[in-house]
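Across the two complexes that follow, chain A remains constant while its partner is chain B and subsequently chain C.
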Partner chain A sequence: MQFSAGSLQDRVVTLAITILVLIVVSSIIWTGKFASWENLSLVLLNLSIDAIVAVGMMILLISGSFDLSVGSVVAFAGGFAAYLMYYWGVYVPVAIIAALGASLVIGLVNGLLVAYIGINPLIQTLAMMGIVRGLALMVSGSGIQNLPTHFEAFGQSVFLGLQTPVWYMLIIVGVFSFLVARTVFFRRYYYIGGNEKAAALSGIRVKRMKVYSFILMSGLAGFAGVVLAGRLGAAMPTTGQGMELRVITAVILGGASLLGGQGKIAGALLGTIFMGLVANIMILARISGYWQQIILGVILILAVASDILMKRRGGVTAKQYLTKTTGIKN
Partner chain B sequence: MMSELLLHLRNITKAFPGVLALDEVSFDLQAGEIHAICGENGAGKSTLMNIISGNHQPDAGQITLSGQDVIIENQLKSQSLGIGIVHQEKSLVGNMSVADNIFAGTQPVSRWGIINRKKMIRDAGDLLHRLGLPEIDPSMPLSQLLPGKQQMVEIAKALSQEPQILILDEPTAAISESDAEILFRIVRRLAGEGKAIIYISHRMSEIFDISDRVTVLKDGQYQGTRQTQETDINEIIRMMVGRDLRHLEYQNHSNTDIVMEVSALTGDRFHDISFDLHEGEILGLSGLVGAGRSELARAIFGIDAKMNGNIKIKGKPVVIRHPQDAMGLHLAYLPEHRKEQGLFLEMSVRDNLAATNLRGLARHSLLSQKDLDAVASHYIDRLGIRTPSAAQKVINLSGGNQQKVVLAKWLLVDPDILIIDEPTQGIDVGAKSEIYRLLNDLTAKGVSVLMISSELPELIGICDRIMIMCHGTMTGILSREDFSEEEIMHYSSGTKNMFKQTG
Partner chain C sequence: MHYRTKYFLIGLLITGVLMGCDPSKGVYTRDRVEGSESQEVEIDPNEEYVMVTTFVNFPMYVNHDQEAFHRWGRKTGVKTTVLGPSEWDVVQQIAFIEQVIPSKPAGLLINGTDPAIAGAINKAVDAGIPTVVYDSDITDSRRHAFLGTDWYEIGRLQGEAMVELIGGKGKVAYIGLIGQANMESGYQGYRDVMEKYPGIEIIGNFDSKGSTEEAARTTADLISANPDISGISGFDGMTGPGIGLAVKEAGKVGQIKVTTVDWEPEHLRLVREGVIQVLIGQKRELFTWYGAQFLYDMVHNTNMLSDDDDEAGITNVPYSVNTGLLKITAENIDLFDAPQ
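Up next is the complex of A and B:
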């Protein structure tokens, strides 16, 4: 598959090589500590939640959009499922389905307001990030523990040596890699991201497709939230904070552009793996939490700057970039 | 005409990665002359202008201004040397006043750096008076002016710097014929004041109307300079393309079957439009900018809302609310602005071609790269799209080849009715005749074409009938035997109206 020449390929390949180098170097520095099954499977477990969200974010970025409310949706979905099970005694599957349904509604609202009213995705999802965080606090208060064992099994069981969240991640990444690469439905997002007007004039129902993409995003974030609550055996109102930063960074590292029109699901996974490894290495190197935040921010800036510089080589000016990514003219 | 040598370029060479954009080009400019520069797209006109205006530095060669060697490091330097340029792209801000636009960055200021609004508006008014445009109020917001008048403001802005040399790059590309007349008057007046004008245009008739001399470039090489009065269109075109342009061969493929019947169609910018489109016909749609032609096309294709009237396709009434509905009825639409509305510039030729017909190219909703490649190479051959491969990004193709990609994209859906809006705007002579040939091939197969164009010779050359609009209404529909530029201009300026006795 080649949607665009050189640059995207190069970036994914560069990222894969960087990850390999990180693994080799870390294995040498922290012999035994890093390259142990315990550590690496923990890294995988930790990044599985982000990777599920990154799949949806990649699709949004391909279509030239993004969603900042994902972290809040993760917290809310977990909290809402926990609330239903703990206070109302709702059956586990019913609670999970209700939480997913609520997440889809959040995505629907985002999508309708962005596509049909024309609110900039930055503003719409920023506002939704605040609103849904409020809802998460409302349902889970200071946190809900002692969840049903069936629910914990959903997020904590081990199968073939890997925990269920890792399996969920692998299935979602696998299925969406195929769908995004091969189906007519997802191919439309490349056209919308490439040139929205031309896409509409080519007979693509752009507004409707945008709504679907936001629903899909919130649905995946909601699923990630339920899995996370199951894995932790608890719903905390603060989970998922800062997730949008991590996930968007991962997806851009993995070959997406804020201009839209490019990217692959495999890139989203690689980007998330990179971010997971960096987090793990910072812990092994005993870098303080403050620095971890700072380093993550710097990585995002570097990723976006390199994207702009590469686009400029392709003839896009910084001003066009700003106009297209923020919707702000002049 | 004075013959004082103002600007002299000697053996200018400029290379970009992979292309020699200018190869030892020489060019001279005299005070008081209007000097046209011609050439196909990619001939090096823009590069030459960019060098004169300081955007690019030549790799070799010398520039002499009023007898002195100069180096034009940047735009600021070129301004201070008295060179002004009116770019093809607008550099104006819609919601600021005309005066603010004219003096952007060079507003007259009082002590403390506060803008002296009164003086600025007075100066702007003086400038507009000098250009013979007293009707433009310098304090009104620019966006309230029609596009043609905005172009005049653009020129006023360049003139506010009192340049000795003024470069006009395709100044009439986006304005109507009557505004173009005003523009020509201004340009002649400026030349009369002793300024030298470099005039770049694709439109031959304009060049012969206005210029004193013509310089032709081809593939980055200087082809020669002629006194306009001593040459003719055929010689210039021969110099541009290295061959005689074959006269458009009109082909009659039209028959009496009506494929589309539009009656009393009314929208936001046009009202009560009725016409029939015949099978295998090329129906031209002429009119001045702002006459409502594109709006009519957009409404038919379901992009803009229709308020009244109805459309029948092959005798059946249809409802078209979205381009997808139109496509279902085998309509296709090539928009006016191909880069903004027609192409996915950062995507490959192959992906651009597939855009309109993803479903048709898929098997069980799945796309295969091999199928797409096969289809792409078929259309690349059929339309003669010059690209190194189907994977090439469209942004790297020339204007003419980009337009062929848009056309191919629509041929993929096998349209019965093709609506095309300014298909040859900004593309070179060679690519134009290829587009005409393609249109004739299509009508031979029974496709009907509704073609909007602002180039009268083109419409007269290729159409079976021409329909003319003025201020949102239809003023006339002419058959081939009645075609003439004057006649069409009468209808499009509203001095004649077939459908109204008083006019």
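Up next is the complex of A and C:
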């Protein structure tokens, strides 16, 4: 098993310290602008959707898989709920439940095909990304506006100075932090990600657990999509594009490994907060869009490079790493 | 009194009377001129105007919108900044708008990419920041002013041009981004024209995914499946060159008529080569130049309409401006792209 509690702890702590340094330095440079409640609450609001998705992605990565269709599911779920409310007059809670149900079905299909048919997660979820994006375009058309007030309240209400998506994020992070750390069911994913064969031999129903993880991932992405549509008061078929890359970057920064077997939900939150802070600082520093791709690319390389170097220290060769993460053997 | 002094005083009196009779020297006008002079604008080079768009590196935005915006900034002596995601990502654009608000720029110039940005625009307005939307209007927002074009009109003009090119009959198709509100409006304008001609069959609406390669592939497939296709129209900046490439590779230059939007160098070259017959262009420089000027005029109260426009709830710039469209064909291309 590759799980290394010490190294993981280091990465979470390192990230937490980096975030703290970023906050202190930015507060000094942009006095009154960065450290204002207005700015920081907006940073949290704008990273909340990614963070909800990152929770599911962290669990998937712990089990040694990932899902590229999450951005499309976000767009589809919001669009489907909006479609039901706007065109069919369906009640808000029913529309939300239907959108979540449809998202769970997408996850079920992904999970079944990956676990039981043996399709590589990269190929399966890449294909699903296209299929679900097409469905999102079908249900949302050019976008659906003028959604019911109750639905907008679902994503726009403010409680104790924070908009609801931030509260949903905090609740989901809190609940899954507890579940992953304390329950046998979720701890099994560490064993599966660490050594799938050993996990199967020890009696864990690996295939079934994999299906559950994909269902959970799509469910969280669907919930994020519905919350986003509520927050915007509109459903757009183009939402969530590029989200998969952002979320995987954040989760790896937060301590996950593409090899599986390690990661914490708090790390997913910290990784997302780090990405959100970097984006905010780029806005405050008025850094041109030309640089954004470069900076985000460098962050991704640093995250993956640190992952490889840590694995190398743990005795995994580069060849083994590539075989495990891509599924390609030579 | 000495006679010279007498003549001088009489001359002075006559001059004064004549000046008083000059309508351009009226009391009211003189007061306004004096008022303007007393409000001599003191330009703060740190006064910052921020443009927030999406797909910030898109060549058309860089060459037209951003170039004019920065040129306006240099001419006016203020700071201009362009922010936004490098992909077409409206949610990220919203994040940019919301996160730029706490830094209190003098004015915000926002690309109206999607109705969903209305909430973010309203937050900027509520924060007291003069906010102008350009390109497509965000009607649900409380923006102070809008400058742009009517996308329905873009579609209508393309449709009319195509009808004329194919003689009112034949198969046509149109390619652009699917799911984008302004373009869907353009498609509607196009379809409304075509529906008047029973001899015209619309094969379908195809997605370019904002990519020249995708537009070329789609066009090639369309030509293979419909060798008798008469015309193809493009609705986003990347599509025109893609259609042109596929038409050239199929050896159907001139046989398949092509209309498209935008007038980047590659579009103009294809018009010169006879591959594209009609370009419908937006006057994008006007969006951002006058958009920025509107912001400046709001900040500096250039045209006060009352003693206190803010208190009176008056926005002292035009509410909505249609900058119009331009049409480029082989006949007038030299005016836009002089031969080297």
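One rule holds for everything that comes next: the second predicted complex is superposed on the first by the 325 of 330 C-alpha atoms of A that agree within 3 Å, B and C clash if a C-alpha of one lies under 4 Å from a C-alpha of the other, contacts with A are read in each partner's own complex, and residues count from 1 in each chain.
To be clear about the criterion, a residue touches a chain if its C-beta (ideal position, glycine included) is under 8 Å from a C-beta of that chain, and two chains touch if they have at least 3 such contacts.
Just so it is clear, the structure is predicted and the values come from calculations on it, not from any experiment.
A.B. asks: Superpose on chain A as described above, then tell me if chain B and chain C fit or clash.
C.D. replies: Fit: chain B and chain C sit side by side once superposed on chain A.
A.B. asks: Quick check for you: in the superposed arrangement, does A:L232 touch first (chain B), second (chain C), both or neither?
C.D. replies: Once the two structures are laid over each other on A, A:L232 reaches chain C alone.
A.B. asks: Going by the contact rule set out at the top, does A:K197 touch chain B (first), chain C (second), both, or neither?
C.D. replies: The answer is first: A:K197 touches chain B but not chain C.
A.B. asks: Scan A:Q262 for contacts with chain B and chain C and give back first, second, both or neither.
C.D. replies: first
A.B. asks: Would you sort A:N39 into first (chain B), second (chain C), both or neither based on which partner it touches?
C.D. replies: In the superposed model, A:N39 contacts chain C only, not chain B.
A.B. asks: Output check: A:R205 vs chain B and chain C. Expected answer is one of first, second, both, neither. What do you get?
C.D. replies: first
A.B. asks: Once chain A of both complexes is superposed, is A:T31 in touch with chain B (first), chain C (second), both, or neither?
C.D. replies: Neither chain B nor chain C is touched by A:T31.
A.B. asks: Answer with first, second, both or neither: which of chain B and chain C does A:A279 touch in the superposed model?
C.D. replies: A:A279 contacts chain C only, not chain B.
A.B. asks: Hey, in the superposed model, what angle do you get at chain A between chain B and chain C, Cα centres, nearest 10 degrees?
C.D. replies: It is 140 degrees after superposition, to the nearest 10.
A.B. asks: Is A:R187 touching the first partner chain B, the second partner chain C, both, or neither of them?
C.D. replies: The answer is first: A:R187 touches chain B but not chain C.
A.B. asks: In the superposed arrangement, does chain B or chain C reach more residues of chain A?
C.D. replies: Of chain B and chain C, C contacts more residues of chain A.
A.B. asks: Once the structures are superposed on A, label A:Q145 by its partner contacts, choosing first (chain B), second (chain C), both or neither.
C.D. replies: Second partner only.
A.B. asks: In the superposition described above, what is the shortest C-alpha distance between chain B and chain C in Å? Please give a whole number.
C.D. replies: 37
A.B. asks: Name the residues of chain A shared by its contacts with chain B and its contacts with chain C.
C.D. replies: Residues common to the chain A contacts of chain C and of chain B do not exist here, since the sets are disjoint.
A.B. asks: For a test of understanding, state which residues of chain A touch chain C in their complex under the given definition.
C.D. replies: Answer in residue numbers: 30, 33, 36, 38-39, 42-43, 45-46, 49, 137, 140-143, 145, 156, 228, 231-234, 236-242, 279-280, 283-284, 286, 288-290, 292-293.
A.B. asks: Can you name the residues of chain A that touch chain B in the complex?
C.D. replies: 1-5, 182-185, 187-188, 190-191, 194-195, 197-205, 259, 261-262, 314-315, 330
A.B. asks: Give every residue of chain B touching chain A within the complex, in rising order.
C.D. replies: 93, 301, 303, 322-324, 326-327, 333, 335, 340-348, 351, 354-356, 358-359, 362, 365-369, 391-393, 395, 409
A.B. asks: Residues of chain C touching chain A in their complex?
C.D. replies: Within the complex, chain C touches chain A at residues 50, 56-57, 81-91, 94-96, 98-104, 114-116, 118-119, 140, 178-181, 183-185, 207.
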